Each structure stands twice: as structure tokens, then as C-alpha cells.
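Down below is the structure, laid out as C-alpha cells.
The letters A, B, C and D name the chains in turn, as written, and every chain counts its residues from 1.
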Amino acid sequence: MAGSSFGTHFKVTTWGESHGKGIGSVVDGCPAGVPLCEADIQTFLDRRKPGQSKFSTARKESDAVEILSGVFEGKTTGTPISLIVRNEDQRSRDYGEIASYYRPGHADYSFDEKYGFRDYRGGGRSSGRETIGRVAGGAVAAKALDMLGISFLTYARAIGPATISCSPGDLLAKDPADVREQIMSNPLYMPDDVAAERAQKFLTECMEQKNSAGGVIECIITGMPAGIGEPVFDKLDANLAKAIFSIGAVKGFEIGDGFASAASTGLCNNDSFEMRGGKVSVSTNHAGGVLGGVSSGAPIIFRAAVKPTPSIAAPQKTVSKSGKDIEISIHGRHDPVIVPRAVVVVESMAALTVLDLMMENMGARMESLQAFYHRPAR
Amino acid sequence: MAGSSFGTHFKVTTWGESHGKGIGSVVDGCPAGVPLCEADIQTFLDRRKPGQSKFSTARKESDAVEILSGVFEGKTTGTPISLIVRNEDQRSRDYGEIASYYRPGHADYSFDEKYGFRDYRGGGRSSGRETIGRVAGGAVAAKALDMLGISFLTYARAIGPATISCSPGDLLAKDPADVREQIMSNPLYMPDDVAAERAQKFLTECMEQKNSAGGVIECIITGMPAGIGEPVFDKLDANLAKAIFSIGAVKGFEIGDGFASAASTGLCNNDSFEMRGGKVSVSTNHAGGVLGGVSSGAPIIFRAAVKPTPSIAAPQKTVSKSGKDIEISIHGRHDPVIVPRAVVVVESMAALTVLDLMMENMGARMESLQAFYHRPAR
Amino acid sequence: MAGSSFGTHFKVTTWGESHGKGIGSVVDGCPAGVPLCEADIQTFLDRRKPGQSKFSTARKESDAVEILSGVFEGKTTGTPISLIVRNEDQRSRDYGEIASYYRPGHADYSFDEKYGFRDYRGGGRSSGRETIGRVAGGAVAAKALDMLGISFLTYARAIGPATISCSPGDLLAKDPADVREQIMSNPLYMPDDVAAERAQKFLTECMEQKNSAGGVIECIITGMPAGIGEPVFDKLDANLAKAIFSIGAVKGFEIGDGFASAASTGLCNNDSFEMRGGKVSVSTNHAGGVLGGVSSGAPIIFRAAVKPTPSIAAPQKTVSKSGKDIEISIHGRHDPVIVPRAVVVVESMAALTVLDLMMENMGARMESLQAFYHRPAR
Amino acid sequence: MAGSSFGTHFKVTTWGESHGKGIGSVVDGCPAGVPLCEADIQTFLDRRKPGQSKFSTARKESDAVEILSGVFEGKTTGTPISLIVRNEDQRSRDYGEIASYYRPGHADYSFDEKYGFRDYRGGGRSSGRETIGRVAGGAVAAKALDMLGISFLTYARAIGPATISCSPGDLLAKDPADVREQIMSNPLYMPDDVAAERAQKFLTECMEQKNSAGGVIECIITGMPAGIGEPVFDKLDANLAKAIFSIGAVKGFEIGDGFASAASTGLCNNDSFEMRGGKVSVSTNHAGGVLGGVSSGAPIIFRAAVKPTPSIAAPQKTVSKSGKDIEISIHGRHDPVIVPRAVVVVESMAALTVLDLMMENMGARMESLQAFYHRPAR
């Protein structure tokens, strides 16, 4: 198990610590023939790069990616793609303090219990920087998915109490290019200017109070063919749930109407089928595009709850490694909210999940094997 | 991938359709020396058996389990444990009708798209009966976990609008035996008599209106050691999310405060550490027992949103296999709510997840390998 | 890991002990639409059934297979196929003796060391009966491979000192139906009547001396497309090596010229390419059809060395469970040679390996994904 | 599957091409607390480094390894260890020639068939340089195994017709330090000076004839506890077979007496048990230390057949990419024999296999889980 790999066919293995020499990932199983260059990946990494607004850490990290293998003459070769981002701007301050106690809301204590000791510099492996490897891998997956007509709309639905007023259905009714532009037009990646403004005001207050905020990220996947997902344990929604929950600060995941459907009734919650343009379609999408764990062809819609940044400057009680009750305040350059930078991480994990299951699905019918290997069906 | 196996060390592979010859699972990787007999498993299966109240289907299925392998002289041998439940009471009515259209909220359409055809009898592989294999496997895991001091409290938190008034903390403050007794005292497995009564009233109304209800299942795991879960993709909460989301009707999953934490702040949401009885403890448990994907030693608390039963007798619009818009009403013996019978399924999946990660964790430190293989640490 | 599953896409999980209630396997990931009935599988099982000649154990086991799931209206549905063979003819003699000592050449001691105890009845899980689950699964794989134009010729190359005089090339030059008929015409499955006669004479001597024999099994796979196998760890020959070595009595595996190639030179051992009928072909096949772990389109040729049956009636020294040096002689009904009955086991494991890698290979090129999902290549 | 990862608990993922930016691997699942520095790994890499004698390619590659993650304060942290070797000395000569035809004995043709195109520079991913990632990972595994008392003796048993005269038993009777010194004393890693001299003479002839040689590598693993290996598909010998066969030029694998046992009889081939120093031991070791796929505590002994280097300067027939019969001669700097440099690759793959199964074995008994988690056995 080991735990640093994700996917079966399209498999990403990440490595690296916050203050080690670098962060990276190995993408194994990428089909040969996907046009790929570093700029394709950098675009994704830049969306999670810090220092882009006053609402993200002031750390300066260029996070420039280098492709070390697996690409030849501008195309993937089918062999592992090794991606590396060298770490920079690791302040040489004394980490001895962090080493000596357990920060609330962080993995310090649970890592020490598991491994006996930990790389305490900047959170080590449990740092948010670990997601660089995922985003780099996710960018490759997204490139391949784009060639299959599959697109993502991912944005902040809520930050603290500020929630966007539009539903996924509202956004799907617009031109995707316009929605993407609006998302990118504010530093919080919210497709609603009013909510974005309220969120910024709330975040400013949090920062003044040495406090932090959480929020909700929403993702819409369009262009999904029907039939993706394996019926029992590798359901599309189950694999998405794991993928999204494997992101550090995520505390909740729901698909379609999610928790709201628990309070609904069968009559309201069932999505009727209807013929539309000669195609079987759903008239509503309470299910979020998944039936029995398998995509129905409707857009996939899911949400992730992100907890408030645990690193806050306000004083907190905790215990020292030597077992004493103490009070600390965490200084340093921390994001007052993780949500905006996590948007692309959510999108990356979704891309990895979907592509992996689409590859799996190619073996679902014997007639597909016969067609692939040029054997007449009988 | 294939999709019918769960777990790496303690691995369950399920098989079977609603109206085939039977349902079962193979449990591979169970440690040798766990006392096990059919009654241990039957107790779990009986909790999901239909026909126990007017709120579950009137189908009569004894669901009697047979152990076919892996147990010798009353103990597991370390080799695969094959478990089988023969199907009974499959009414020989004409299934032709179901075969000819796509039931809303069911996997009929997505399965047809995936495989080209489907075993339509009673939902085939996408039937809730598939969970029998999970529960049988989960019962074995729970037996082993009990030997490690780990227990589960699983119950319905909400059914439709009826929600229990006690928090996990309230229940943890009571004698677990009393809580379990209260849960078992009503057919809805709610640890709150007032809520249970309201829920029953609501369900009766639903049934009168040929409608159905959903709800929320909550699970508390106590006795968890710290250090369980792998830091990146195989986080304890990520694997739980997948496990629970792989259950048919689940549409949401959250751990600790879940979606509520998204609206909280760092100061409120962080759980302070404190020394208690010489042990590092958390003063609150907003995190639900997991930090950085690894257990902290606090109780694990999570919730699953379960959608309303999609099979309802009220008329619904849908399309036929031949592509015509039609209206149907689904007759037969269906549960007006899945939640009570799904409680033990949730517990089983949680048990499988936790035991698997506890086995994985045994290799986390070199000193453990040295102790196991009787080599002096150096 | 757990160890009772084989394959990634087409995955077989076996279970069962020699003297438990039965033996079986679950085949997960079989493509939907393969015509399948019990007779397809029984044909394979009958080839390993005991009691067919004086050179196999006199035990009477009908080994009748039952399909429990995964087949509907005569075709596989894409869901797990559960296969079971109930055990019969388990003599109720006292196994206490076997329980009290370690048989040389058997897994008694190593199992006790691993698990602390063992199901000693007839070898338990380490019995040759475990292969029933593999053969049942292999029969399903072979059915699918036949639909892809892939066939197997598997036979005994040598039993003790008696070796067939024809090379794989000689056999490939004949009509496959004739070769198959010749193989089936003698109880040792040798495609050479002279060698078969010599082998029978040798076996008769062995039996008189309460001794046993080993041999070599050879397998030729024809109709293989080029491109099957993954370049690094999941090479076609590496996966075959594991598959074949996982059969109990196998002590050696070689592909193409195998160990002979180690004493050859580059000039002799390299297979030149040449155009034949407009197709790239090899002029010789020292490599056995695999280059860099990937099939070249030439027939796959491999051999397995099978050790002599360890259960012999002649007196042997060993130790008792209580740690005393003792002398034993093993009575009961044992095969004087395992080779003939292992022929179909080798073929089954090869079929499982090849089909799994053929499914994996479908995702090797992006243009294949685009064709599958009906997206124009760009 | 994807194919570039090996192992379940201790998992190595390799990446890199011969003429790309570098070669490397990610080691995931290494227990925390193993002292590790670059010199530990460099020692292994230096054993496969070219240019150390006239019998290996004249290419100059320092193959200096850099640890990028997973080590803190001189010890492994339990998180992924990323290892990289930058490529050097890639001659900027025209590879256009190799691109235009298929070299006999190489993966050129099978890769083209699989992926549609290939990185032809120096063999790309199918180059022997790919093994750098394995050796780097194997060095880490060997370090951990050394802490568990497990050692390796790996050497060339034969090169062309020159075979060493000592048996594994002879070598085991000597002081391991002396054997290791003798192995390292000649450039062919043979523990027999006479055979080494004959081999060098044979190789000199081969080089004069623009030809190449193969050979046999033998490996002895000492200090193995009993009980390692999983009974059915993940047998110790099956996993070793796959591990060794995944090395490019390997064409045969045998354990213990291997193919010779096929011609032996039960009486000769069975290893009697006997009490020795109060311990159950085997009086002979025809089995090579494995019974029923599980280690018996005796030394593990296996051999690999390595084919002659396919790149030879003598003229050969082949076909061009455009489908014409042509004649080529391969120039460049190629090893006349791969065996000596492959010795450490075999040892590395064996180390990876053994450690992975030793970690798996820790969960074989329930009493071990209880001891680990400090629960009283009942």
C-alpha cells in the first residue's frame, strides 16, 4: 500500500517534503502520444502558487516544473513521466521551536506516534506543498481528458459565511469560457463578484484577528461519457471521494445534492429520464451524474468542505513533546484560507480519478477487445 | 482494478447478484488465530436482514451464511475465508417489464451503457443484496478489531427531517452497552426515542404517499490507537470516504465537524492538545480523530448521507430501452427507507478500512521490524 | 497483498482447502459478453481430475463446477464470476499422524512457522487441489482468448529421463488439431508416443520403488499480437514467470532458449527480423516471442521444471512437531508424478497472464482512447 | 498496473530513459528509522557502473545518486525516498540510423507496435540504464535487510562456457567475507579464479569476433527467517521469479536444484528435516530454501540465465521501419557481456522482493497484531 501512489492505470506517485530538496511525482501509465510540455503543467502549478494576493502566504516560490522523462519530441512515450519542482525560499530560521511541540490541527502528533519522529521543517511531508506533485500529475491527466472532450469548472462555492448565489445549473447554462474568466478574475476563484467581495472582507477581518477561514470548493465535470466507474468498490463517486478526501484539509465530500438528498424524498430526489435530441438524458441532476457508481452522461457535480487553516498567529494551548501543557502562537507566512489555492488541487485529483476509470472502462465489453485486436465479433 | 475487491492486507472480494444463486465474499489476508464461527457473522447479517419491521421490505430472506474455507478447529488459518449466502424467495414473476425500461435513480441505464446489457432481475449486481458480502467480511474484521480493543457505535442520526438530539460527545459520555441497547430498541436504530418516533411517523406518511425517505448514518469508533492511516493518498479519512461512498445510496461523507468546519474559523476548529492522565489528548474533537490523515487517538467520528430509496410506487416519468418517453410505477417489496438496514453496512465498511490500515501500520518503523524478527535494534 | 489474487484487470481470487467444504475462485473483471457455461470450465477441470490413469492418484473426485454468479442468459455480465467445486471423497481416516510431524518437501513446517498452526488435512491450503480455482478461472480466460484468436499447446516435454524428441518448431509446423489429438492420446500428455512409452516404463519403476518422478512442461501460445506486456516490471515474461512459479511444484522457468541462451553468443541468439508476407517477422525464435518484455508477434514458448512428487511411500527421515528426529513413510493415494495433471494448470496460469496484459495494453496509446470514446484524433 | 512499480509494502517506482535528463526511482513504504546516506546507495550503483574493465562499455558515467526526499537527520522518515541520477556522456551523434530500423534482440520493434513510436536514443526506456532506479531502491532495501540479519552473496556462476567449480554449499561453508572479497577481486564477479580466467579469455575472443556472450548469475540469501512468502500467488519463489525476470536480458530462473530437480526423484530431491542445535533444519537444500512458497529458514539459492548482449558489431540482417530487408552492424560502446554488471541488479531485485514479503508477513498471526498494539492475547 505504502500510500504515496494514486490510480491503477494512470498512476501518480508523489514524493517530497516542504523543506527538502524538492517536490515531485512520477506519472506512470500515461498513454503514448499526448502532446506535453512544461508549460502545460506550469499553468496548473501557477494556480496553486503562493503570493498571488494578500490572501495567500507571502512566501515566494516560483514552483517551476521540470519534465525529467517520458516525453520525446513533444509527446508522451507511454513510459513514466518524472516531474520535479525544486524547493526555494526555505528560510533558514530556527525550526527547533516547532520540533519541540505539537501544533493543534496539524499532523505533528499523529506523525510522531506513527513513525517515532518527523521532519518538522515546515510540516515536512504533511505540508500543503505535497500537493505540487498531485497538481503536476493532474495537469497531465487534464491534458489527456481535454483530448477526450472532458472539461472541468472548479471554483470556491463558499469562504467562511460568503457563499456564491449561483447553482451548478446556473453556471452550466452560461458559456464555459465566460465562467472560467469570472473565476479567474478574483483572487478567491469565486464565480460571483458579490460573494467574492464579501469573502475578502471576511478574510481581512480574520487576518486582523490572527484567525483563519475555511470554505467549500465545487467542481463540475462536463463531457463525461456514460458508463465510467466500476459497480462495487471502485464506483466513480467512491474513487472521487477518496481522491478529494486525500487532500490535507478536506473534511467533507458530497456528490449531487449530497447531504440535502438525505432530507429529501424519493419523488423529489429521483432524476427522471427523458429523450432529448434522440439521447437518453436526465431531466434534473440531483444525483450529480452518477447512478450506481457509474456515470450517466450528465455532468458530474461534487463539493468538498475545506477546514480553516490550522496555522494561526493567535495564542493556542497545546502540549510539548516532553509532555507539558504550554501556550504557543504560530508565526510565519501562512495562508489565512486554503480554499483558493486548493481549487486546482481538487480539479487535479478529479482529473486523475476520471482518467483512471476511463482507462479501466475500456475492457468492460468483450466486443471492445475484439475490435481493438481486430478480431471479428461472433 | 476490476472493482470487486476492497483492502490491501485484509482484502474482501464480493460477488453475487440479487436473483442469482447466491451472494458471497472471499476474505483474504485475515491473520491466523481469530476465533470464528458462523454465528459471529450471522449476528452482523441479521442486522441488515429484511422483514424485521414494517419499515423494511416484506421479502423473506433468512440470509444464512456458510463458511466454506479458511477456518480450522474454530480459528482462522490465515488462508482465504470463503463466505456464501444462498439466495431464496426470488419471486418467479415476470421481470420482462424492468428489462424494458430504465428506473430513475437506479443503475439500469448506466450499466447498460457500460456493459451493453444487464442482469435486470431485481437490480442484479447493483442490488442492495450485494452488501451481504461486505457485511460478512466486515463481521470478520470487527471480530479481529474487538481483539485489539476497538469498538463501533453506528446508528441513524437522521431519517427524513427527524434528527436525534444527542451529539457523538453525548453518546460517548454514556455507557456504550446502554447506547447499544437503545440503538437496538427501535427498528430504525436511532439512539433517541423521541426522534425515532418522529421518524416512524414520517415514514408512515411516506409509505402512504407511495414515496420514500433518506437519512444520515453516524459512526463512532473508539479504542483507536494513534498513528493509523498513511499520510498521502491512503489517509484514514480518505479510505473511510471511499469505503462508505462505495455503498450504493451514499451521497455524502464527512468526518468530525465536516461541512460545518468549512464555515468555522481556525481558532474554533482547532482541537487543542492537553495532557490528560499522562497522555497527550485533544480537548475537543472537531477533527473527528484524524490529523493529517493519521489517527490521533481520539474517537473517529463520521457521517454518511443516504439518499431516499429510488424504488417508489408513485408514478414516474422515464424512457424505455427502445428510446420512448413513458410513465411507470414500481411495484414490489421495497424498503421505504434504506438507512436502518444500511447501518451495519456502514459499520462493516469502517471495520474493513480500519483493520486494513492497522495491518499496514505495523511496518511503519524499522524498530518494529527488528522486534518482530528478533533482531537487536541498533 | 494477501496473496490469493492474481491479475489486475482480469483478476482471479482463489480459496479453499483440500479437505474443507470446497474449492473455488472469483473471477473479477471478465469483459461482458463472453458466452460461458459450466461445460466450458468442466473441460478444463477434467484435464486435471485425478484417477484417469494408473499414473495419477486413485482418489475419486468428480470436481464438478458450479457457476454461482456473473453469467446471465448464457453470457458473462462484467460482474464477478463465482465458481465452486464441492469437495468429495475425503477419507475419514485419522490425520493425527500428519498433524504431528513435518513431511519433507511439503509446506507443513513453513506454514507452521508462518501461521502458528495449520489445517493439516491433506495439505490444507498447500494441497494441489488449490489449483482447481486457478484452472476454473483459466478456463474463462482461455474462452475469451479464443475469441481473440489466441491458442495454447501445452504438454509434457519430459518425465524423468524421458524427453520428447520434437522441438516447439516441429510442433508448430504441424496441424494444431493433430498435435492436440496426439497430446490427449496418452495419459501423460506427451506429443511423442515413443517418449510417452519410455516415461510410462520409468514411472512404473518409480512406483515399484515407492519413489516418484518430476518433469518439464512446455507451452506454446500462438496468435499473440505484438505489443503485449509492460516494459519494466510487468513484462510479459516476468508475469508469466510469476504465474508459473506460483504453481506448487515448479522449480524452474525459462522462455525461448532459456538457460541454453546463457551459453550461446549474440550472433547465434539474436533473432533476425525479416519481411514475410508484408509483415515484420523473426527468422528464428530463440527469444520465445518476447523482446524487452513485450510480445513480438512470434509464438510465445516457455518451459516449467516440475519437481518429483514429495509424498512417497519409501521411508524418510524427518522431525516431529515436538522436535524429535523420526522416520516416516507416507501412505495414501498420491500421484507418482504431478506433471500430467499440472499441464492444464500451466495453461490456465498462462491464459490468465496473457489476457490480463492484453487488457492493460488497450490503454497504451492516446489514439486508442480517442477511438474508444469516439473523439477525433488531433 | 502501468508497470513501473514493484512491491506492495516496500514499493519502488522507477523512471527514466537512457538519453533523457536522468534516471531515478521513488521508494515508498520504507520503514522510518533506517540510517541512510548517499554513500550507502552509491556503493551499489558503483557495482553496475560501466567502464570498470575492458569487458564493460567504455562509456563514462559517474552515475552519482542524489537523495531528494524521505531522509531527515540521517534516517529515513517513512515517507517516499526520491532518488535521482542525472545522465551524462550522451554522445551527440546521430541517432537517426537506429530510429530507422529494428535491432535484432532489442525492444525496438515491440515498443513501436505497442506505443506507435519510441524514444530510440540509446534504447530509451528499454535501455539497461533503467536498472539504475532498481539498484538505487535495492540498496535501500539491502540496508534494512542487513539490520534484520539478512545477507546476499551474488556472483557470476557462468560466462559463456566458463562455469565456476564450487557449489552454493561450498561457498556457504566459507567465511562470507572471504567469498565477497574473491568475488570483487575479478572484473567478472566470479568466486573462482580459474573460471574467471577462462571467462576472460572467452570474452576476448568474442570481442575479436564482434560477438557477445551470456551467462548465469547465482544468488544466495542467508539469515532468512522461516515463514516468509504468501502461500498461493505471492510465493517467495514466484515473486523472486518475477523480480528477476523483469530484468531485461534474463531468459531463465530456477530455485534450488531447478531444472535438475525435474530429472530427479522424490527420494533424492526431498530435503529431510533434522534437529540441529535444537532447531528444525534441513539436511540438504535441493529446494533452495522454499517449501510451498514459504521460506523454511534454509538459505535461499536461485539462478538467472542472462542472454548474450544483443548489440554486436558483426553484420546482422533485419528490417527497416519502412519494411525493407536490410543488413546492419551496430557500432557504439556496448558491453560484450552483461552478466558482471547485472550481478548487483539481481541482488537488488532480490532484496526488494524479500523485504516486501517480510513486511507482509508481519500480519500473518493475530497474536502479532495484539502484541504490536499492546493488547493481551486471549
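Keep this in mind: a contact is a pair of C-beta atoms (placed from the backbone, for glycine too) under 8 Å apart; a residue touches a chain by one contact, two chains touch by 3 or more.
These numbers come from a predicted model, not from an experiment.
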{"item": "Those chains which touch subunit C and also touch subunit A", "value": "B, D"}
{"item": "Between the pairs B-C and B-D, the one where more C-beta pairs touch", "value": "B-C"}
{"item": "For subunit B paired with subunit C, centre-to-centre distance based on mean C-alpha positions, whole Å", "value": "38"}
{"item": "Geometric centre distance via CA averages, subunit B-subunit A, whole Å", "value": "26"}
{"item": "Subunit B and subunit D, separation of their C-alpha mean positions in angstrom", "value": "44"}
{"item": "Residue list for subunit C, restricted to those that touch at least two other chains", "value": "1-5, 8-9, 14, 29, 32-33, 78-79, 114-116, 125, 225, 231, 360, 364-365, 367"}
{"item": "Complex interface listing, subunit A residues touching subunit C", "value": "8-10, 29, 31-34, 76, 78-79, 144, 147-149, 225, 231, 358-360, 362-370, 372-373, 375, 378"}
{"item": "List of subunit C residues in touch with subunit D within their complex", "value": "1-6, 8-9, 14, 102, 104-111, 113-116, 125-126, 130, 158, 160-161, 206, 209, 211-216, 225-235, 237-246, 248, 251-259, 261-275, 278, 280, 283, 287-288, 290-297, 305-312, 314, 316-319, 323-325, 356, 360-361, 364-365, 367"}
{"item": "Partner subunit A, residues of subunit D touching it in the complex", "value": "1-5, 7-11, 13-17, 20-24, 26, 28-29, 32-33, 66-70, 72-73, 75, 77-82, 84, 114-119, 121, 124-125"}
